[in-house]
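Two complexes, one shared chain (chain A), two partners (chain B, chain C).
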Partner chain A sequence: MSRDLAGVWLTEAAVFTLVVAGILAERPWALGATGGALVAAGGLVRFVPRLGAALAGAFARRRAAALAGGAVLALALPLALRSSPYWTFVATLALLYVTTGQGLNFQIGTAGVINLAGAAFAGLGGYAVGLLTVAGGWPAWLAVLVGPWAAVLVGTILFVPILKTRGHYLALVTIAFVFIFNILVNNLEFTGGPQGIKNIPTLSLAGYAFTTRPALAGVELPAHANFYYAALVMAGLTTWVLRRLHDSWLGLALNTLRDDEIAARCCGVSVTRGKLLAFSIGNFFIGLGGAFYAVVVGFVSPPDFDFGYSLVMLSVIIIGGVDSIPGVVLGACLLVPLPERFRFLHEYRLLLYGVVIVVMLLYRPRGLWPARIRRYR
Partner chain B sequence: MPPLELLLQQAWNGVMLGVMYALVAVGFTLFFGVLDVIHFSHGDIFMLGAFTGLTVLAGLRAAGVGGALLALPLTFAASILVTGAVGVLAERVCVKPLARASPLMTLLATLSLGLVIREAVLIFYPRGADPKPFPRLLPQGGVELGGVAIRYENLAILGIGLAAMVAVDLVIRRTRMGAAIRAVAQEPEAAQMMGVNLDRTVDATFFLGSGLAAVAGILSGLYYSEIHFIMGVTGGVIGFSAAAIGGLGNVYGAIIGGLLFGVLQTTAAALIPRGSEFRDVVAFAVVMVFLVFKPSGLLGEKSVERV
Partner chain C sequence: MSLLEVTGLTVRFGGLVALDGVDVVVAEGETVGVIGPNGSGKTTLFNALTGLLAPAAGDVVFLGRRLTGLEAHAIARLGIARTFQASRLCLDLSAFDNILIGMHARRRTGLLDSVVRRGRLVGEMRAAIERASHLLALFNRDLPRRGFERVGQLPQIDRRRVEICRALAAGPRLLLLDEPSAGMNPEETAELMRDLRIVRDEMPGLSVVIIEHDMFVIEGVSQRVVAFNYGRKIAEGSFAEVARHTEVRAAYLGTETAHA
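Coming up: the complex of A and B.
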């Protein structure tokens, strides 16, 4: 039994070390070496069945220990990234994408409500925070809690065309909404037009401003560490809540709704109620991600929430694995930092991003961490 | 209320835009017909058509072919060939392999492919980030008809657009390949049993649709005298909207949808305050409301659900 424990924690520590090394590697050969080591380790687990099975078994038996180990490593990340503060910020962004991704996954993956307006709902959360704090003078933490409700509210107005349309027509309705949102915030006076809303006050709790650099036993952490920890708590809570919802009767009902509406209706699942619940819950968490983004960065502007970001959110859940909750975490932690890591490719970055997504879809259509079939004991 | 002349003028301008939208929308609807997918990179193929046209024109000018009467047909032909080939390539690489997967997969794959095309133009076209001036090749000047200014240039654009639509209609209704396209759209398996080569038909459909996008791209360059590498994003969404208004899968519906969208945009611009900024908000909002009442478009098949 203690062999399991050692295996779980050693694996986690090894992956953590390689990832940190990969992030901090400055020379191309060092990056290549760590990347190669990660790929080799992945290949070893995949193509040596006994090793793979042993590790999978160990992780299955020691789930609590594995989660605890992961949590400790996630807490230690800013400490490991001290030499490059920018990466703590990128890690914070990845955690925001975990939050929005979980919300979007609940809509698209669990309930089958295609939503290509993720950027707009995140934008509603972000702009709500901007307006409440700058124009309304609210404290930032209150605005972050209230802001997501703007996304929920506008979502319920949009719900009529969403309920009425199916498939590609539904996709069109949500795409049209992103464009409407973007044109509106770009041209209305109270949203600041193309300039957006600047000088959003930072989070502070009981007089402690989140921009102060935290020190732990004499070791100073990077400037964004406070935000990183707050985002970590938020992403963790979101994942936990949505995991509970996914495993609940509601999640099961939404799954049947996604797979066959008529059959679901025959079993007494209300289509309207189910879709509205899924859509609103999802929008809340998408908006929460946007709201938190506003206080981390300190300003919101139209290009932060254009259609391209809907595409990023969609790729997070599809590459991770549709309707797979750990898949979304994996997708966000891969797709957000990777383009940053490859910034040295300059203009070729987005081109390669597109190519990678297409190749992944062709060869791993079910995602990197596919959803498992529900098991009830 | 603006005077009647202004509304008529805007309606005429809307028809001009509508012809271009319709050409893009016909592509969307044709692809949907044969494979039941939305090919989201179609908007960027439209942009690629415009850039190919510009390149060919520059090449022809360098070679000393200056006359519009000779240069334009050559440009159209070359651009149709190029975008047609890119369209077929896109279909083979990432549309058809995923056609049986969930629509979400094709959605993301074609959106990403559009990103690739867009970025490729941005990077590999000389100074690709700047708007490019498009040469004015059509006759300038115009006449006034009942308070509506009609430029010869616009008449030519309308003529070329209508000719392209008639040509597509003839191909679809009068040729063997057109019959094959219609058969596959109706029932792919039965069509195959009747000896229709499915792969070749799908290729031909994508060639046809993407070629039309090239025509639309060049027309758009001639109309605005300027092209830009991001024109495909809005162009694609508007083309898709037009196809959806008309009913996906119906070619005539797509043409009507395109014209409606164009007229809607320009009349909205005339009727509401700060119209030029908010016209797309109105147009997209109308599309949404329209879909509430007609969830499968004007001429779309009413989908019957079976258990």
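Coming up: the complex of A and C.
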């Protein structure tokens, strides 16, 4: 039993060390070496069945310990990245993508409601925060909590065409909505036009501004560490809530609606109620990610929420695993930092991105961490 | 007392009259067989009864309530469950999940229980899985052990059983079976007949309407037979009576004049 525990924690620590080393590596050979080590380790687990099975068993038996270990390492990340503060910001962005990704996955993966307007719903959350704080004078934390409801509300209005279309047509309706959203915020006066909304106040709780550099036992952390921890809590809560909703009557009903609408209806599942719930709950978390983004960056503008970001969110789901909640976490943690790390490839890194998605769809359509059978625990 | 009363039910697809003023009555606890050539309106009858199609005219009364105009999910909740000719299981979900969706309408826990009062939901789900296991075991004692496997990994006959279990899980008063023996070989069909008798014995109050092309199945399970042709009911009675009926024989074998 204690061998399981050691296996779990050692694996987690090894992955963490390699990832941090990869991020901080300055020379190409060091980056290559850590990247190679990660891929080799992954290959070993994948292609040596006994090792893979042993590890999977250890993680399954020691779920709580594995989660605790992961939490400790996530908390320690800004400490490990102290020498390169920018990376704490990137890690914060990854956590925002976990939040929006979970929301979008609940729509696309669980309910089969193909929403390619993720960027617009995130934008609604972000712009709501901008307007509430700058024009309305609200405190940032309250605006972050209220902002996502703008996404939910507008989503409800959009729900009529969404209920009446499915598949490709639904995708087209939502694509149209991103462009409408972008044109509107670009041209409307109160959204600041192409300039967007600037000077969004930072988060502060009980007089403590989040831009203060935090210190932990005398060690100074990067400036973004406060946001990182807040985003960690947000992404963690989102994942927790949506995992529980997924493994419940609602998640089951949505999966059935996705796979066979007629069978679902004949089992007493209301299509309208199911899709409305999936769409609204998803939009809330997508909007929450956008709202938080506004206070982290301090401004929102149209290019922050254009169609390209819808595709990034979609890619997070495809790479991680459609309908897979841990998959979304993995997808966001891979897809957000990797292009940053390969900035020296300039525009070619976006090409790499496209290639990765095509390869995934061809050879691993269920994603890196496929959805599992529900056990209702 | 009759459970289901269908009077003058008419369904049109554009100019085509798929069901033409059909009257059918199903009593409580009765098994009614529905026969007729392809395209005679049998499945259309089921689709109209379950709310998937809107009838152009006629009335459906179930347990004293008019069903016409109700949505499919509302009709299902009143106690009508069905299976489909081509299997409509969610192949990526587990066998248990496929059966559990049948119990969805009778759930007692809500969204709040799913997230914060998790104990209630887990308790209800355990009981539901227990019930699903019990249903599966009626047909095949080894099947509950495979309940957490993807239903797509089960053999054809077991998938059909999962589908029947899904319909039974809803605790219906009326079960509509749309050609359950479709695509089965003779041995599988024999097993299916045994399964249907188990349903009979275990749920004596349940009314069943079964569409079948296999006359052995119809003869073996139904107490009364209704025959369709060109959207009309052409005969009704015991299997022997209907089988002797000249119009039925003509519908299946063709008439002398048709060959001349």
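Criterion: the second predicted complex is superposed on the first by the 374 of 377 C-alpha atoms of A that agree within 3 Å, B and C clash if a C-alpha of one lies under 4 Å from a C-alpha of the other, contacts with A are read in each partner's own complex, and residues count from 1 in each chain.
In the analysis below, contacts are C-beta pairs under 8 Å (C-beta built on N, C-alpha and C of every residue); 3 or more make two chains touch, one makes a residue touch a chain.
All values derive from a computational prediction rather than experimental measurement.
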item	value
Greater chain A contact set [chain C / chain B]	B
Touched partner set for A:Trp249, first chain B, second chain C, both or neither	second
Contacts of A:Ile262 with chain B and chain C, given as first, second, both or neither	both
First (chain B), second (chain C), both or neither touched by A:Val241	second
Partner chain in contact with A:Ile357 - chain B first, chain C second, else both or neither	first
Touched partner set for A:Leu172, first chain B, second chain C, both or neither	first
Which of chain B and chain C A:Arg375 touches, first, second, both or neither	second
Contacts of A:Val271 with chain B and chain C, given as first, second, both or neither	second
Residues of chain A that lie at the interface with chain B and also at the interface with chain C	260, 262-263, 266
Complex contact set, residues of chain A against chain B	108, 114, 116, 160-161, 164-169, 171-173, 175-177, 179-180, 183-184, 187, 260-263, 266, 307-308, 311, 314-315, 318, 322, 347-348, 350-351, 353-355, 357-358, 361-362, 365
Touching residues (chain side chain B, partner chain A) in the complex	32, 38, 93-94, 97-98, 101-105, 107-109, 111-116, 119-120, 122-123, 233-234, 237, 240-241, 244, 248, 274, 277-278, 280-281, 284-285, 287-289, 291-292, 295-297, 303, 305, 307
Chain A residues touching chain C - in the complex, by the definition given at the top	241, 244-245, 247-250, 252-253, 255-256, 259-260, 262-271, 277, 373-377
Touching residues on chain C, where the partner in the complex is chain A	50-52, 71-74, 76-77, 81-82, 84, 88-94, 97, 100-102, 104-105, 107, 109, 111, 114-115, 118, 121-122, 125-126, 129, 148-150, 166, 170
